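Labels A, B and C are assigned to the chains in the order they are written; within every chain, residues are numbered from 1.
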């Protein structure tokens, strides 16, 4: 028991963080592939970005450097900008086609 | 203690993420996403990234998700209908996804099994001071470029979403 | 300075001026340039002849530039004049001048006047280059050039399908001969390392007989094509589609003699290859007989003379083949006189009858065109070997040499001489005696046409005395010692006179006789009248299979099937592959995302494998 407690006090292995990040990312992709509502798809994209951020911060902790945090910062900035513009696009699409179903926006069909 | 907190908040994050994917109404998905972001912020704290954790709450959960909810309410998006499946994405996508996860887990196990542990407090370099310092010295150029990027995004969003002048 | 280059350059200048500006120049200027350039060329030849001294001892040589330089092999643009060349130059420029003058009258009403004279001058340029060349390559340049001009001039009335077909036929059949000539040139280059006449001929004695025979036979093939011997003679009768001055100049006096000239020039090679010489003699003799028999039956006056040309060329080759080179050249010279006269006279007759060429619609022209009649009589006497005419001397020289080589050749030659006399005088009687059977009003020709006729008539009668060619060429081809056998001469003259008398009887006295003989001969007559169906035979065995083969195999099979198939097939395949690939562009965002995920998985695998491999390698 003292060894288990000792192990408990040792901290969380980095690999667990990375696996969590991968799982969140996979869930984001699954949502992207399975959902039909555009806004939900967009939210899954945000989920993916968050997963990646987690990964960056974990690595930054591993190497004891602040670079990972900086990168995460920039990813957040870009994600915010992208969310703003993307939602504006969704608004325009809704105005033109009156639908939020991603399968119906297929004018690039061959 | 670290493990305990990690497991709790990882579980919350995962369950909320699953909820994002499975819920039918976009508002429910949005609220679940907020939950994900909150738990991830706690995980950041565990990893010693104080500044990033705060930024996550303020920017992501506070601004971006609010924007999402505004748009959902603006568009009056209702619950999704059960109609039309894209079999490509299901037949090919799900197995690909599973393979993807399996591969990553495998490589992580191989490469990072002995990469060290995360203890709360063993990394103090994530404070606002150190982030700010790095941001304004080594990463000054990307910082300035992102300001331009935000400007572009503002202009773009306004142009795309405004009403046409007659 | 001798300036040998002026000789061909003057006609070339005439060609350029007339060809480029002729459309706008008045006829008098065109005449002046065209005729003037050839006459000036003749004058220059005369000047060189008088100032050059003894050409046997010191032949003239001029080197202009090095054309081919490859390793040790050199070919230069060289002109050389020795006695043989000088004779040829006189014939070409002299008869050329006369025919140019004649043509100004004959072609006076034709379309494309300037074009005719431009081509004629171009022909003179090439022929002079052929004769002046000091190596085989320059000769070949002239050889090909005269073939080209022959094609251009035969097809001069290009709106007539028969004329263009005849031009094609001449060029294509010539080409077969040229192929033989080219192969001979290649063999010479390989075996002798040079193409210069002097170097090749001095080295000829030392080469193996087999090689020399091969070269000689290939040269003979070239000569057969150009000089219309069996089996490549079929183009010459069809070449009569061209205007009559063309027939006179090219297909009687100059171009067709190029083959004889070439064989004589290559005497050193031929004399060391006896088998080839024998072949030359036999081909010449066979052609002479064959063509003479066909000439007996033809009704188109130009066709009669065309077959006569083929036959006389056969005589020249016979002379060359039995070793009597100078006799062959002598016959070349005298033949140029009387054959040109015969053709020009025929042209005058055709002009008199307003374009009629069939002798069955002529007759009794003696009183309408007396000068033409008189000059043609001189020519007919010469070709029949009437004693002391030019043709008598040259033909007997050949027949005498033939007897010395193989007596049976002499007898065949003598019989052919009889046939020659017969058909030439047959044409004469049918045209000038009897009653006029045509529809128009015949008239005598102008003096621009009659003048050359008179000059040529004088040369035909007196040329044997004026130019004793064997004596001139004695240094190159020594005259055999020994007394001439006068009996041979008497016999051949007798055959000629019998031919004249027989034709007089059949066509003036008893004019029903020819038809009765033709009817009684039946099938044989039809065979000979239709030229032994040789053209039809060639068509069936060579031409049509080639055309069919080309169409089915090369055109449909290769061109359309394989090449078009490949090119179009590439296009079609691209389209079908594209058709398959475009299924990916479904417009469905989710399927795009699926592809992205799949790509990411693939990337992961690749990266992981290389990383593991790398780590494993490093670890070891």
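Methods note: a contact is a pair of C-beta atoms (placed from the backbone, for glycine too) under 8 Å apart; a residue touches a chain by one contact, two chains touch by 3 or more.
Computed from a predicted model, the values in this text were never measured in an experiment.
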- Comparing B-C against A-C, which pair counts more contacting C-beta pairs? B-C
- Greatest Cα-centre separation from chain B belongs to chain C
- Task: Would you kindly tell me how far, in whole Å, the mean C-alpha position of chain B lies from that of chain A?
- Result: 4
- Query: Measuring from the mean C-alpha position of chain A to the mean C-alpha position of chain C, what distance in angstrom results?
  - Reply: 91
- Item | Length of the line joining the C-alpha centres of chain B and chain C, rounded to whole Å | 95
- Query: Out of chain B, which residues touch more than one other chain, so two or more?
  - Reply: 86, 89, 93, 97, 100, 104
- Query: What residues in chain C touch two or more of the other chains?
  - Reply: 586, 588, 590, 593-594, 597
- Item | Interface hub residues of chain A, defined as touching at least two other chains | 29, 33, 103
- Message: With touch defined as at the start, can you tell me which chain C residues reach chain A in the complex?
- Response: 582-583, 585-590, 593-594, 597
- Message: Help me check something: in the complex, which residues belonging to chain B touch chain C?
- Response: 86, 88-89, 92-93, 96-97, 99-100, 103-104, 106-107, 110-111
- Query: So in the complex, which bits of chain B are touching chain A?
  - Reply: 1-4, 6, 10, 13-14, 17-18, 20-21, 26, 29-30, 33, 36-37, 40, 43-44, 46-49, 51-52, 55-56, 59-60, 63-64, 67-68, 71-72, 74-75, 77, 80-81, 83-84, 86, 89-90, 93-94, 97, 100-101, 104-105, 108-109, 112-113, 115-120, 122-123, 125-126, 130-131, 134-135, 139, 142, 146, 149-150, 152-154, 156-158, 160-161
- Touch list for chain A against partner chain B, complex: 8-20, 22-24, 26-31, 33-37, 39-40, 42-44, 46-47, 50, 53-54, 57-58, 60-62, 64-67, 69-70, 72-74, 76-85, 87-92, 94, 100-101, 103
- Touching chain C in the complex, chain A uses residues 29, 32-33, 41, 102-103, 105-110
